[in-house]
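First the structure, which I've put down as structure tokens, then a few questions once you've had a look.
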Amino acid sequence: MVKHMKAPIIAINYKAYYPYSFGKHAIRIAEAAIKVWEETGARIILAPPFTELRAIVKTVSDTPIKVFAQHADPIKPGAHTGFIPLEGLKDTGIHGVIINHSEHRLKLADINWLIHRAHEIDLEVLVCADVPETGAAAAVLAPDYVAVEPPELIGTGISVSKAKPEIITGSVNLIRRVNEKVTILTGAGISRGEDVEAAIKLGTSGVLVASAIVKSENPYHVIRDMAISGLRALQG
Amino acid sequence: MVKHMKAPIIAINYKAYYPYSFGKHAIRIAEAAIKVWEETGARIILAPPFTELRAIVKTVSDTPIKVFAQHADPIKPGAHTGFIPLEGLKDTGIHGVIINHSEHRLKLADINWLIHRAHEIDLEVLVCADVPETGAAAAVLAPDYVAVEPPELIGTGISVSKAKPEIITGSVNLIRRVNEKVTILTGAGISRGEDVEAAIKLGTSGVLVASAIVKSENPYHVIRDMAISGLRALQG
Amino acid sequence: MVKHMKAPIIAINYKAYYPYSFGKHAIRIAEAAIKVWEETGARIILAPPFTELRAIVKTVSDTPIKVFAQHADPIKPGAHTGFIPLEGLKDTGIHGVIINHSEHRLKLADINWLIHRAHEIDLEVLVCADVPETGAAAAVLAPDYVAVEPPELIGTGISVSKAKPEIITGSVNLIRRVNEKVTILTGAGISRGEDVEAAIKLGTSGVLVASAIVKSENPYHVIRDMAISGLRALQG
Amino acid sequence: MVKHMKAPIIAINYKAYYPYSFGKHAIRIAEAAIKVWEETGARIILAPPFTELRAIVKTVSDTPIKVFAQHADPIKPGAHTGFIPLEGLKDTGIHGVIINHSEHRLKLADINWLIHRAHEIDLEVLVCADVPETGAAAAVLAPDYVAVEPPELIGTGISVSKAKPEIITGSVNLIRRVNEKVTILTGAGISRGEDVEAAIKLGTSGVLVASAIVKSENPYHVIRDMAISGLRALQG
């Protein structure tokens, strides 16, 4: 493994593609991530569906790759059929949770509650937001990561870093006014290394990416391209 | 009418009590509010149910009393059965909307969307929040008012200003770090003039109150007591 | 007014079009409905937004035209900010409620609760359903009307009675197996008299219609065309 | 294993108790179920949280014990962060899904959609309902099981079969009018063998049970008591 002072963050949201996000397909993506981490030192986060959390945690257990749930329900453990409290997610061995994704928006009060409760049990929290303003509002609540993703570009292959660079610079500016520490990511339409490079040059620490990796015939190549481009941007 | 340089804000949330919040009962509260305004100059906001908006707007039309909707749906005008867009609410003659009440929480992205859209069509926005942190997060989005109300005290008659003064001072501190202009209110368990007085002394501009007025046998007396105590706090 | 043994039902869902569904526009549609009723005896139901209920009730007060709310919240009166209980809707003078429209779907348990509660306070209930099977499931709960509307045709101008007549005949068959009394309506894409005529010939008592009337330059002409065609189908 | 012509159904809803519903605790309940099945031939269904589905499927793989998810999201596979489509659940090896539990109610249209889609991919569906009427409405949609559970008794330890036997007989009557084949279960407050015995004598095929087993110090004893009492009722 090549060590880097700084390395780009690549957070991979598996979403709910079938069969890509499930079973052996889910593990194959994790194995590709391990290989890229070994070669580049990229900081990778994997967010598979709830059903795959234990298998992915096991797959990456000897690496610094982190596993996040895609969502967390704002409930305490108890009589909640079909919901999973943070304690139950933590029990799978994961390191954190994504919350408030544009496909799973949460109420403001619940975002706050989840951040507090997650931190109490040593889980990291990555909050998604749709525009710089809501990114800053989320940042006030002191999560570990904020990822600003314009919903209109999600899944389009048109990357935010090219199509709307002002969303990224605006996010960095607004978020930094209220929170100096939170790690800032961006996403939506990220599909190539150059999108990651642009995102980092605009002031983020990395990207949140989904279909470009999860539905790829060769996830290893895509993750590697993104990792190398991200490193280049950080060193440049 | 007595004029005051500064006057306390008393925002009256009618909620959905029956029969108190509806019909002639709703109008009776508005008439009590007019009388108190005439006598004290208090800044009063009335938030009746959707069905009563036009009648209450008509009742207070010759006064500076404002009428707010209790909620707004995050939709554009169109094919939305059983929902009302901001444009439709505006059409009733109201001045603003309450959003994100603890009994009607909204998603973070929708709070932001509603604030922007409301301002475009000249409606004010009062955002409720459950704790100082979410109050500050909401304040980042630049609404006109933020009201912090601990849900556990709502409807109890145990006032936030007595039971949890630190919620109020904490809210003022956190909110002012991110927004210098927003009007800060508080609420939950407000039932007497002394609760209003305490709330104002702790740094707010007034209160959000519901059952203590709406279900009262004599709304005029309760509103008047709150207005006079609020004035005393502002002048003291 | 011409009296008819049987008359077609034309239920007009105002939805939330702006400005059409609000204020003077909303009243103009009610006045057109009155004129058509006077000329044809058609059984008309008007479903304006919550904010317009009192004005429309007043407009049609001397006629058998019924006013329905577009939705009802499954709550008892009380501390529910931004929601309206059935008792509050009833207070406006309305005759019934539409529930479970495809743009405002409800949980099965709530549909049942609302039907029972509405009947206790003498409000009629019109339940919408998307396919014959859910129409029959709803009919088991003994509402007054069931309207089957394939969502994919709503707002298209392609009428269910022409494009999917099997939905209508299937609905009538399935619903009649479990409920002999409920009034069966259909909707989606209804825009002309001939659509109403076809719907009635296929076994329904009438239609649920929205944009074709509400956004029309001449609502009177459209309602009249539908009423006359419906009468023809019933007499033919 | 003792073979029985007929055997009672014991469906165990793990809910989201911590630590009981997760990890080794979840497996321990499955092992207890296997032992009871070996001894009594009871037909057992296990419904653990999403995160535990694969482990429980593996644990019971050599037995006729069925594994169900506690809920299913009404979505097709695709870009749905934090949701799981039926295809993804099926991929874990489960046999069916519980839907519309009182702690996770669904819209009527979604219940219908899920039943159809589940059957297309060979998953069974157990629909919960709160009262006999909604049980019958659900039965119209042709699921495999309907479980009527009065929400006010869930988690109380006061069993429906003792406190409200009329709910059970009423459910059986209403459901059989519209569906001759669906398997009828009941639940709420079931905590002992005698509750199961009563439920079966009142006309059901078994029970849906949660905390009495999941939070028990000795799940084996509780399941065994229920299985034996259920067998006695069937043979008596």
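Letters A, B, C and D mark the chains in the order given here, with residues in each chain numbered from 1 onward.
Operating definition for what follows: a contact is a pair of C-beta atoms (placed from the backbone, for glycine too) under 8 Å apart; a residue touches a chain by one contact, two chains touch by 3 or more.
Source: prediction; values computed, not measured.
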Which chains make contact with chain B and with chain C at once?
none
By C-beta contact count, A-D versus C-D, the higher one is A-D
Chain A and chain C, separation of their C-alpha mean positions in angstrom
46
Averaging C-alpha coordinates per chain, one finds the centres of chain C and chain D separated by a number of Å equal to 38
When centres are defined as mean Cα positions, the distance from chain A to chain D in whole Å is 35
Could you check chain D for residues that touch two or more other chains and list them?
102
Where do chains touch, given as pairs?
A-B, A-D, B-C, C-D
Quick one: in the complex, what on chain B touches chain C?
13, 15-19, 21-23, 49-51, 53-55, 69-71, 75, 77-85, 87-89, 91-92, 98, 101-104, 154-155, 210-211
Inside the complex, what are the residues of chain D that reach chain C?
100, 102, 105-112, 129-131, 133-134, 136-138, 140-142, 174, 177-178
